[in-house]
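We just call them A, B, C and D in the order they show up, numbering each chain from 1.
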């Protein structure tokens, strides 16, 4: 049994006087894809932001590799990739410049590798166009190009499939599964009907939550 | 000690203890304040330099004194909020800031009115008046920021950061304002305090300072209780309290 | 799925150094700014216009301008820095870059320092460069202009640093611009006092070394404390986003 | 007593208006602050109680029928 990367024990989160979830416990193992499910407003994004370390209005405990996360924040941040609703793409920069800037603080990669990643998301001919001239789906793809070169063991992906066409969706599903096969752990929230073999689910909603 | 600290953080415990304290604070505050003021107004001897206008001192000094110490108390509470996340500390900062604003305004107003008969003008850019004015701005900023942030916890923590930044700045502001004052008007006006105030003057002053402190304690308890009621309204004990109190 | 027999990926033990990450943040901010050059000019134009208002609104007399000139320039510089502060984190907040910044494995206060440095190079430094021209227009003598430039060179970074705290605190709020001014102006007062006071002493022929050293001390204090406060404020502002 | 008569006390050798306006402002603001704080507390308690009553009423009516979204169009009269 491999050790869980991230372990949540009795998480509780309150927002605007409303309890989003309580007594939520789960563990994220290497080599798994986990989907966070629930209706609008059930706290999927909030949970993901908590796991990423952005939101800290919660109680309970989060363990990273078996030890409290707060004591090893830097180790945690080194090994976690978070992509939010707003993925950090600057409209004034080109896809290439964006990708370079986003990877520079984590693991700088040579230009050809970045080019290949952008190729992989179908942006071959748009590498030098400012992102504000791209469509919403294309901008999303710039952010997703990070997944093709990221080596962080834990990925937290919020609404990955937004604005992506159906061909892109199935390619990304394959990517997630391949990542799990390599031993990475992936947590996603999505409204898209994602169903991968062996996928774990965390179901939120109705004030209480249970893990399936 | 640690347990005491923890208990102090519990809103319910605070609610109980403050309810028992508040009558004493109110009675003591009003009593001392009135004693000090009546003594000062009617019985203390006239100041031979400033005449009767000096009688403003019995409210000017207490408000100015309290205005400054309330900010310091807020800074201490801010540290507690940021470090230990104690609920009561941020309730304190939020509840007390408007009181501090009013006290600062009062000390400025009384200072200005005092200035007219003493210096012959309503306002002088005196170092002390100017730094009080800046303190008023700081209070205003704290209240504005608190009002602007919807989320309670974020508001509390953001306000704490601001209060701390302000308290680091206060000595710098005071120092620079004093330097600026000597640079621009070499002490034309100076509120010279005589080396020894007679006892008939400082005793009533002390009484009114103490009285205002107690009154502030009462106000702080009252406003904190209000804040706690609103925040904890979904807990059992608040429900019991509200339904039992005036059912 | 049998997760148990899969090999776990090895965790990374090292990452990009803080200095390299700061350079990357700085470089990206510069690049973004130069893609939209008009925005760079705005604070400068504002600076010039505010200075123009004083001769028009009060008096164009040489004696008045000579006496008030340093103060006018300082106030104008302060206001134009204030005006530009709203943008310091705003765009990054809107497009999600800030979330990525907070989640970088380097200490956040250093990254914030890099951003603030970029802000100063883009707004404070041009103001200092423009000051001699405006100084001549308000009839300051050569010595005063020199001292004024020096005080602005030391003072504007302090303005950017303190301002970054306010910008981080008001991030994502309605009417953030006005609120930012309310919070920050009281904290700017010491810098303003010493900035103009130093020029006034210089005009009287007094030595200014001590005052400049004191402003340097302000700068050091702001450099060491402000990035921590802004980093804490950024975390708070992002937490409820 | 530092004054000979009540009128002397009121006039305070010409400084009366200053002194009395200060004290008036002080009492006005302090009492205002106290009254305002007391009323806020009362209002808070009232708000809590109304909240509980509303809650109790709702629990009776629709015990646990969490209404599902239907996206039915709302009828609006076209006058």
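In this section, a contact is a pair of C-beta atoms (placed from the backbone, for glycine too) under 8 Å apart; a residue touches a chain by one contact, two chains touch by 3 or more.
Just so we're clear, the structure is a prediction, and the values are computed from it rather than from any experiment.
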Co-neighbours of chain D and chain C - touch as defined: B
Chain pair with more C-beta contacts, B-C versus A-C: A-C
Centre-most chain, if every chain is reduced to its averaged C-alpha atoms: C
Most remote chain, CA-based centroid, reference being chain C: D
Gap in Å, rounded to a whole number, between the CA centres of chain C and chain B: 32
Rounded Å distance, chain B centre to chain D centre (Cα mean): 21
Euclidean distance of C-alpha centroids - chain A vs chain B, Å: 48
Shared-contact residues (touching 2 or more other chains) in chain A: 57
Touching two or more other chains - residue numbers and ranges from chain C: 239-240
Residue list for chain B, restricted to those that touch at least two other chains: 150-151, 153-154
Residue numbers on chain C that touch chain B, as the complex places them: 162, 165, 169-170, 173-176, 179, 182-183, 185-187, 189-190, 193-194, 197, 200-201, 218, 225, 229, 232-233, 236-237, 239-240
Interface residues, chain A side, partner chain C - complex: 1-3, 5, 29-32, 52-57, 65, 74-75, 77-80, 82, 84-93, 97, 101-102, 104-108, 130, 151-153, 180-184, 197-199
Contact footprint of chain A on chain C as seen in their complex: 1, 3-4, 6-9, 11-16, 20-21, 24-25, 27-28, 31-32, 35-36, 91, 94-97, 99-106, 111, 235, 238-241
Touch list for chain B against partner chain D, complex: 37, 41-46, 51-53, 55-56, 59-60, 63, 98-99, 102, 105-106, 109-110, 113-114, 116-117, 215, 219, 222-223, 225-226, 229-230, 233, 238-239, 242-243, 245-246
Of chain D, residues touching chain B in the complex: 1-3, 9, 12-16, 18-19, 21-23, 25-26, 29-30, 33-34, 37-38, 40-41, 44-45, 47-49, 51-52
